[in-house]
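Chain IDs A, B, C and D follow the sequence of writing; residue 1 opens each chain.
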């Protein structure tokens, strides 16, 4: 008789049917067969909680009414979950994550990690202290060609970084009439992102600026040290910023500009990063995430693609299909989950990732995912921007918020 | 105790670990939780067959040494597979598909359906005769914005179709030295595609031209009636065409040109279709599959995107995430599988697709996938091109091959 | 007192105020100060003829009522024109050009050279026989980066040419309602292009296909040997083709496809050529004429630009301003005129081109312009396409029309 | 005998053979036949001065050794120049322009107008006081589609402006080894731009940022009120900034970010402006200056083009040739000169612009060119950026420098 390798099991907090990001997490995990969902506390609405559990075939005794009882019960089971996936509104991340960590359960949490710096630091401390793995889902760093860009810069292919232009404009919040993302405006995940009580102190910086900051740090290897930020809440009903123009100093001496916007009519989800080095430059656009533009000093501008033989092997390891066969949002998520799952498996003694199929050895990918320390740094970035803007764009250091 | 909706079960023929397309099928089905893999005959190599079964947690008594015994055994089981997925080299499709159909099992088969017209017609007849569902995996028609394009043309938004430019250049077979797709050249799926014994009588038309033909038919609603084809086998080792330039007459009076190439240095997977109508035109490019370019007569060129509120509702139903969050190859495959699975469920009495989550009612999508009749038409297209080229580009009617 | 280098003098036939192409010729010549307009027969309308002469400061005794008297008078003058510029409807080219050649005057003529093969051949013979210089204005070959592409191919950088895709779609003739080029539809130059009496036997091939054919020949160094053509006259009022899909054999063994269209809604002036060689490929698009895309076998796709230091020196010689400062239609025309003027100056003993300013030595550019022999070949291309289409796309050799 | 309309005459200061920008001015004026060059003081090098005069057929008694004698002599002549074109290094603009204005001669001056605010204001006052016309050559505002963008915003088509992203990166100064613009690095016009004595206090802001600022003001109708600037001089030899990241407040309440760079490897001449309004957005890129991207709230992104019938008539008036026939740098310059020449002609009583040919009535274009007042504002912008950067990005108001 077969003895299958044990497959990781997870539970989800949030992500009731109709939720946007919880569904993305579930599908990304399923795509590579990384783990099975076996428990959940999907909604505070009991009916929705039950229906979601049924849809995903979660045993009804593992569909919990609240996250506290879930954490306690799962921690007691021999076959308890290996990790919890937290996909609730930002404001609740801290207490949910903390609870699971305190019960010794690894955690994957949607970004941003928390709404205050103290909360974020506490979670980072707690995970380190208990030796627990934490993934915070900044999926853009999961794309193979983004990993190649990081390797290029780390190995000096563009020389010292001088100027970074990072932008993340979206148009869904342009506050009048119908607009191009209106299809999603009646969903709760958009409503709570406009409300400081659930979203935290910043709208555009907190929701998407943090993606840009994480990407800049990952690709360039430079940290944001201080910011001079102009945040604006356009429209009569805006309670928190929906547009930000931020100058920043990076470690190593580069200048960086961030533009984040949720009122940028005509923009879908237009995360873009451009890095100017002393002997080369790169550009990456999140809506064509398989491609990277690279210009060496004195040479022509080139389009690099995931899947080509000249990619750094570590980057190569994260692709599934040949060049020109697009991989997108789900695959980006799947890639960071893949590395996280490899890390968790290594810790808990499972070994079943991905059917072994088109994926590389787990060792090759294990450590390359957004950790809690980076995510805590991103929370500092949010708060530094908010603080700077309040003080009329005065420079604020991230270490001092 | 919960009574879960029954989930569809499938078995796979071909797709041993390391195979390209079998893996794509498995992941696409997993992404939406459409069906579980429970049986297989993955490889003629017994060891590889066993290992693949283990990786995908297929019970070892359902890992079969040959497809005939698999079909017989699964047809006998109460919990036998609902459908078989055939992902073997083209030459073997006919006898495998035929066997499963004869055992009353629905089939999903990779394209092209068969290597002769007679075989293709036989399978189409057999499926219709037994009232069995067949999916042939032309995944490009699965993209929401492609479905929107079809709806636009069907509803007259660009008027009568006049000229179609369809092209599918790839560069992987450029026969000298290292080239941009060389990462995959050591894989068996590429070797057998260059060999007429496994591939059939045409290389570029059979492998990728058939995608273009299927897409033209789907989007325009016009059939290819006759072709005047120039096929070429470039390079010293080419046994079958790797480049084709084909003029065609479409039903309804339009002219169409197909260019297919596997020696097009610099092209990844560059399927592109442009349709010129009397009062508008559209363009779609398979490497950015969420986008469609549309120009109405007298107006500006517009970029339409999946996920925007103005999409035809049927097209909208096939998207998962908002505009600017790219969906790619896996999602294209998943979409045609979704419609097929809905059709099979309707027939077999299961009802569990997708957890109900971010997907529409199954009724909305049920019939919209590439059927065996269209796939048989594509086989005629291949043979008509081969025949025409042999006769120095004389016109050959598809009805007469 | 200064002795200025003598500046070339020219006269124009056609090009009355409001004419499209005559104005382009005049401005292109003026841009580089290549020659002064001193004579003309601008219109059969006496008033318009006079007004145009006045506007361009042509002495009134050199504004002629007909081209015959102009040729005769200018040939007699000591300060007679060095060359004639013929910018009349196609049908009239032959008799006007012939007249000036017979009077020993060099000629620049708009394309196509003539409406019959016999006429074209006669003009080519006549020019050669009298040792007179003739420019036929195919301006796309004037762009520096196009010249670089030619040099690349000539020096083997992409290896043997295998497949060429050449297309020139425009939308101005889409025959219903207002459309995107309608701004020009009331101009006479468009009316006569739709009338076979003034345009010749082909619409789209004669007007724009000939540009594509000339460009293919120039860039690849291969001649079109035979064609299999599908010409269509879409719309109720079309008297000659406005869309063509043409397969062709090139000398050297490559396959080529031409698409020309005047009913392609959404296309402005979209001349595009793609050349696939055995070890590289290039692409050039006429609406961004400073740029060239190049992919070497095994390498990334690169964007090359006019003005960069790695251009072939001969190509470099035709640019004026640095990369990123666009040069367009006027500069393309000016470049072929520049080479022609250098050739004429060399013959007539003038030496004043361009003020010597930002332009290279005349010797470097002298021979590189479209000559009458190439233009006569283009007329054969037109007629071969027309003949092939009449015979249901049978192959027709250019040498046999 | 003919009485020709009097054609404007001009003289040039600077622009000796080999100079970059002087040559552009001369060709742009020649393209449309706007004026004849009849005098000059082209170089302090007597030989070069004479040679340039000879090349451009300037009578030798009107080739002057210094600008003072030129101004004095031309002011005395009955047939003296109508306007002077000043194309010398920035530092010299003030005293040259002042001299010609004081002699009652209209002036076209390259940007920036002057190197100090006081100088700029003095020139603006002087021109107004003497009722003399001044053009300062910001040519990007000359493109028809840019004028259309201005009209769109002025007429409320995108609503109130909220966010502007303006950038002008170039790569020519990336200070090591060969790079993509190195072809021009040995030219004097680049050397003096890196030297504060000739360039003024800012490199990238002074040379190209001022183009961006002028374009923002022109297109949006909003003025820059204050700036918070981070200027950097990258590389061991940089004496003045070659990269700047500037936040700005615009009149009307919008936020604006400027990025200017001369060390941006991979960028040719990449001026780009994006304007986000409350109900629409636009984007324009200077390397494809005929095109404009426009997205209305709730609609698809559209590409608008010069030459299409839906352009505002005033914008339409500035194009020459149909859509898809590119017009570039020379035509942009020609357009602002066209409006300026119309204004000067109106003042001096000439009337010969452009041969009347493909150009509109002079009245339609007369006032639409960059005036001295706007150019003086741009000098304030430069100085405010320099001042802000010195004070660690503190806000500096343009009215207070």
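In this text, contacts are C-beta pairs under 8 Å (C-beta built on N, C-alpha and C of every residue); 3 or more make two chains touch, one makes a residue touch a chain.
All figures in this text were calculated on a predicted structure; none of them were measured in a lab.
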| item | value |
| --- | --- |
| Contact-richer chain pair (by C-beta pairs counted) among A-D and A-C | A-D |
| Inter-copy rotation, chain C to chain D, in degrees (Cα atoms; steps of 5) | 180 |
| Interchain centroid distance [CA atoms averaged], chain A/chain B, Å | 33 |
| Gap in Å, rounded to a whole number, between the CA centres of chain D and chain A | 44 |
| Averaged-CA centre spacing for the pair chain C and chain A, given as whole angstrom | 55 |
| Per-residue overlap in chain C, given as positions that touch at least 2 other chains | 178, 180, 182, 267, 294, 298-301, 305, 308-309 |
| Category of the chain touch graph - line, ring, star, complete, other | complete |
| Interfacial residue positions of chain B with respect to chain A in the complex | 1-2, 4-5, 7, 17-18, 20, 23-24, 26-27, 30-33, 51-57, 59-60, 170, 172, 178, 180-184, 267-270, 286-289, 305, 307-309, 316, 320-331, 355-358 |
| Complex contact set, residues of chain A against chain C | 294, 298-305, 308-310 |
| In the complex with chain B, residue positions of chain C that touch it | 158, 162-163, 165, 167, 169, 171, 174-180, 182, 228, 230, 232, 234-235, 243, 245, 247, 255-257, 259, 261, 263-267, 276-281, 283, 293-301, 392-393, 395 |
